[in-house]
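Comments concern the structure below.
A, B, C, D and E are the chain letters, set down in written order, and residue numbers restart from 1 in every chain.
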Amino acid sequence: MDSSALVLFFIVAVVLVGGAMLFSSFVPPTSYNPAKFEPYECGIETIGGSWLQYTVGYYLFAIIFLIFDVETVFVFPWAVVMKHAGMTGYVEILIFFFILGLGLLYGWKKHALKWE
Amino acid sequence: MAEFSEKYIITDEIKADEYLVNIGPQHPSTHGVLRLLTRLEGEIVHNVEPHIGYIHSGIEKMTEALSYPQIVHLTDRMDYLSAHMNNEAVCLCVENALQVEVPERVKYIRTIFDELQRLASHQLWWCASGMDLGALTAFFYGLRDREDILDIFEETCGARLTLNYSVPGGVMFDIHPNFQKSVKAFITKFRKKLPEYDKLLTDNIIFQNRTKGVGVLSKEDAIAFGVTGPTGRASGFSCDVRKHHPYSAYPYIKFDEKLGTDGDSFMRWKVRMDEMWESMNIIEQLIDNIPEGDFAVKMKGVIKLPEGEFYQRVESARGEFGVYIVSDGKKNPYRVKFRSPGFSNLFTINHIAKGWKIADLVAIMATFDLVIPDIDR
Amino acid sequence: MGITSKKEFEKNDFPVLDSYEGGSIILTQLDALVNWARSNSVWPLTFGTRCCAIEFMAVGASRHDMARFGYEVARATPRQADMIIISGSINYKMAPVLKRLYDQIADPKYVIAMGACAVSGGPFYYNSYSIVKGADHVIPVDIYVPGCPPRPEALLYAFLQLQKKIKREKNFKKQLKK
Amino acid sequence: MKSFFNYIAEIFSGVWTLLTGMKVTAKYFFTPWKNVTQQYPENRDTLVMYDRFRGEVIMPHNENNEHKCTGCGLCENACPNGSIEIISKSIVNEEGKKKRIIDQHIYHLGMCTFCNLCVRACPSDAIVMGQKFEHAHWDRSTFTKVLNQPGSKIMEGIKE
Amino acid sequence: MAFEKYDFTPITQSIHQALIENVSPLLTTIIEWTIIGVLYLLFIAVFGLFLVYAERKVCAAFQQRLGPMRVGPWGLLQTIADFIKLLMKELITPKSVDKFLYNLAPFIVIIVPFLTISVIPFAPGLQSLDFDIGIFFVTAVSSVGVIGVLLAGWASNNKYSLIGGMRSGAQIVSYELSVGMSLITMVILAGTMQVSEIVELQRGGWFLFKGHIPALIAFTVFVIAGTAETNRGPFDLAEAESELTAGFHTEYSGIKFAFFFLAEYINLFIVAAMATIVFLGGWMPFHFGDWAAFNNVMDFIPGLVWFFLKVFGIIFLIMWFKWTFPRLRIDQILTLEWKYLLPINLFNILLMATMVLLGWHW
């Protein structure tokens, strides 16, 4: 089978979820009361909305992640041909990793790898 | 519903990036119906406001209509994990007021029950805080071993949790013939099980990272807030009532007061773990030497305290538990005030949880070992 | 052996609901299937107020093991729970919270009132100024378990009673009417 | 360099503590015969309560349908939460004297906290703690019980 | 070898031949797709339900209790009862949610494992898609799963959900790297990214043994990172029950919640299956040196059985983690990734490259 069969798996998943959700939204018993459709917060009414500006403590991680993720993309092809590339490929990747490692070390020492 | 929420509108403004999250009343880690109004910035806790009253049942007011044995029964429902200590406190207070000397046997039995109750309470604390920290298996191991103590309780008093075993003038029943045997069997068994607790959590690197240095309560603060019990002792505040104001059979025995130094969550944990060993030592000192004699002195049908004010403190599993009775000479007290350890312990939480993460708040709560009806009565 | 006789234990004295008009066999079979599933997978809300909560924990623990019934999946959010076990007293401040939690549970939902406080107010019935005299003043209760606190077996017996109660339900009435 | 070795040592000691933890759980996993679970509804036939277990208040009757309760009301007074109500009636006995005897000894199981104070207060041992615990019911009105059986009499020789 | 007789290729080939001779190519494709779709759907449904049951039994055994006992023999029908109940439970859509995204999230979390599972070879010839970039495909697709969790957290308009979703974002994004890099380590050894070829290369011995030290390190890292990627065990911060009640799926009820539940278990299976394929030789039997008799006996066990044995081994390991360790804090999770796993991984890749270059592997 070729990769177009991925569509099949996509369809199967959608049918499974959609079918079950359709069934479940019509058949089971329902009841109405106002509190049911309000957000749950341990039985107390929510104070203020939830869609506020949320302070994420990890935006620096996200940036470093980007660097490393792109790097992974570069390393995958190298990994496949590693056996054929031989010494040249090895030295090149050594340099590549050295620079990357320096970057990580720099971030580490600058306390970028710390949840603020 | 709208009126209900209006009562809780927060007076000071919510900052733009601040998150106002209610932890509780119904929340797995508040151990009851405590409400913590928490201000978060991302994961960081800015402010914790404990709101109590969700389990308030007016026990202090209720006691004004009850006779003394009935008050004893009601104290089971306050700090239900140290039910026997609460019973004993009221009984001791009444006995002191009437200047009744209870037989030695009663003193021994009461002390053994105190320590068994402390063990049971600490086991429950261990498993509940293990669950709060995410180690679910700990929950089951703690409760598994606790059942053995509950069996001993049930054999002698007929109840598992709300014992109502001490009565003014003695104890309700004599100990069961099997009592000494089963207590000794339990101690032997539990001495083997306790090191497992350490292996599973205390030594675990994840656990240590979660608790070491988290939520430090200094000794000065502990004293200022009136923090007692293992929580206070973890900060280095020597506050063991058993040591400083011995009652029942505590004057006859040797035991160490376990003091911590750091006052962080790990030290609170450690102090309680050490106390379990110490409790077993105390029981072993007493269990073979229970003197013969009556298990209660004959009291009058209707107990009337002389006019005056009486105070008695005991060391419950959570700290200093005090009973203050004002009597006007009738069969009901004029006013009763319970000094519960949880109340003073809880209100340090804003002080020490500030600046930590939400997961640390849960860890701090876990090591405080809160029982909400004890705080709220 | 101080427990109920076998006959009394197996007795099912729940009021019987009417059957479908025309006595549809398919719907009866479907009902049996759905009720079997529901009665065997009642997930409780993690909600505990007083001493009974400790016994509730003991029921979940190794000795008594609620998991045998398939009830061990205690959900902390009412959206996914099926049952509230009111384990302890409810006071006037807590009552709206309890009501709200109950409202937020997805249908079908069941309530077990555990212990004297939840059944009738128990020790706080006469002299307390703040306790609701029985949780059924706030939300409808399916099964009452007296005891202060009830021993774990008593709560397990309540689960059996709840199963009996669920098994006589008729689920497809609404669909029939349409 | 020292910090580097600390880093390595930290990893190994950390992993070691994790492994000891896993050993504890594995020990129980591989010894399933040591399980402590009691299977309640299945083990009903062998289930024995402790003899002091407090499950409910009962009034024992002998084979002639006689009980020991004199209707003195001490248990009603001793009860901290009003679970016991005594309704007495007056009858005229054979000697022509008026006498108060118990009509109904009402016991609210749903409110009882099993504190044993009523049993302690009873001078004639008329009420004791029973061991039945299977009380759960869908109707809470069934928890209000009349302890003295219909038509029962007081036993001979019980002092007033 | 003996186990070749369990090859599924002839069966699939003959079905394909029979179809293509009798009906048009388009119809053939449609029929084949239907068969495969139904088979996978059944497999995932049954396997997901079984894994939930297994988890409950395993955790019960760890905790000295029995687990589900009363529904069917040994509680075997427990999860089926759960499933029917969840299907018959009301779906609540709170008023304040972002309705489209709220309903989209369960689709995403289910679609992702469905796509990933397509490249997994269960036995010789029993694989539906065989890309030449199989490993890369798995890493790429599985990173989409986090979007479902993030959407669920954000769309619910609930504070707990949002915190849970955000945590999950940080966590999965980080551990994605470790999973990818430990796979890279093994790709260096294999020299290919085609899944079937990787399995085939392990005919002479599993990569875990062939690559010894660096492979062992990579395996450990993969299991840890895989646990974190499935939001399980000590890394279940996104739904940390004692902190955030139910985390990102706080507002989901009934069958929608069931899909999050199911996705967790399919993901668990995928992580275990990937570990099996890359490190433990997929459906290859266990051979020991030149013990011919032993090896022959091993060969008689079908490949399918071998595959599932190994998968269950890894799943048991991950469950063991979950039921032993306390939960990590969010900053500790990131510390573990960025200060421990990532440097170790970088070093490990170089180590493996050196080994391959010098021919020090078996």
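Keep in mind that, in the parts below, contacts are C-beta pairs under 8 Å (C-beta built on N, C-alpha and C of every residue); 3 or more make two chains touch, one makes a residue touch a chain.
What you are looking at is a predicted structure, and each value in this text was computed from that prediction instead of being measured.
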Item to check | Where chain C and chain D overlap in contact partners, by chain label | outcome: B, E
Item to check | Which of D-E and A-E has more C-beta pairs touching across its chains | outcome: A-E
Item to check | Chain at maximum distance from chain A, centres defined as averaged CA atoms | outcome: D
Item to check | Whole-Å gap between the CA centroids of chain C and chain E | outcome: 37
Checklist entry - Where the CA atoms of chain B average out and where those of chain C average out, how many Å apart are those spots? => result 30
Checklist entry - When the C-alpha atoms of chain A and chain B are each averaged to a single point, how far apart are the two points in Å? => result 45
Item to check | Interchain centroid distance [CA atoms averaged], chain B/chain D, Å | outcome: 24
Checklist entry - When you check chain E against every other chain, which residues touch at least two of them? => result 62-66, 69, 88-92, 159-160, 166, 241, 245, 250-251, 254, 323-325, 330-331
Next on the checklist: Give the residues of chain C touching no fewer than two other chains, as numbers and ranges.
Outcome noted: 61-63, 65, 68, 76-77, 79, 97, 100-101, 104, 107-108, 123-124, 126, 148, 151, 171
Checklist entry - At which residue positions does chain D touch at least two other chains? => result 18, 21, 24-25, 35-37, 39, 53, 80, 113-114
Next on the checklist: Going by the touch rule stated at the top, which chains touch which?
Outcome noted: A-B, A-C, A-E, B-C, B-D, B-E, C-D, C-E, D-E
Checklist outcome for this item: Residue positions on chain C within touch of chain D in the complex are 1-4, 6, 9, 14, 62-65, 68, 113, 116, 119-126, 134, 136, 141-148, 150-158, 160-161, 165
Item to check | chain D residues touching chain E - in the complex, by the definition given at the top | outcome: 11, 18, 21-22, 24-26, 28-29, 32, 34-37, 39
Checklist outcome for this item: Listed in rising order, chain D residues that touch chain B in their complex are 13-14, 17-18, 20-21, 23-25, 36, 50, 52-54, 78, 80, 113-117, 120, 129
Checklist outcome for this item: As the complex stands, chain B meets chain C at residues 1, 4, 25-28, 31-33, 53-59, 61-62, 65-66, 73-74, 76-77, 80-81, 124, 128, 139-141, 143-144, 146-147, 150, 160-162, 372-373
Checklist entry - Contact residues on chain B for chain D in the complex? => result 66, 69-70, 73-74, 76, 137, 144, 147, 151, 154-159, 162, 164, 167, 172-173, 176, 196, 199-201, 203-206
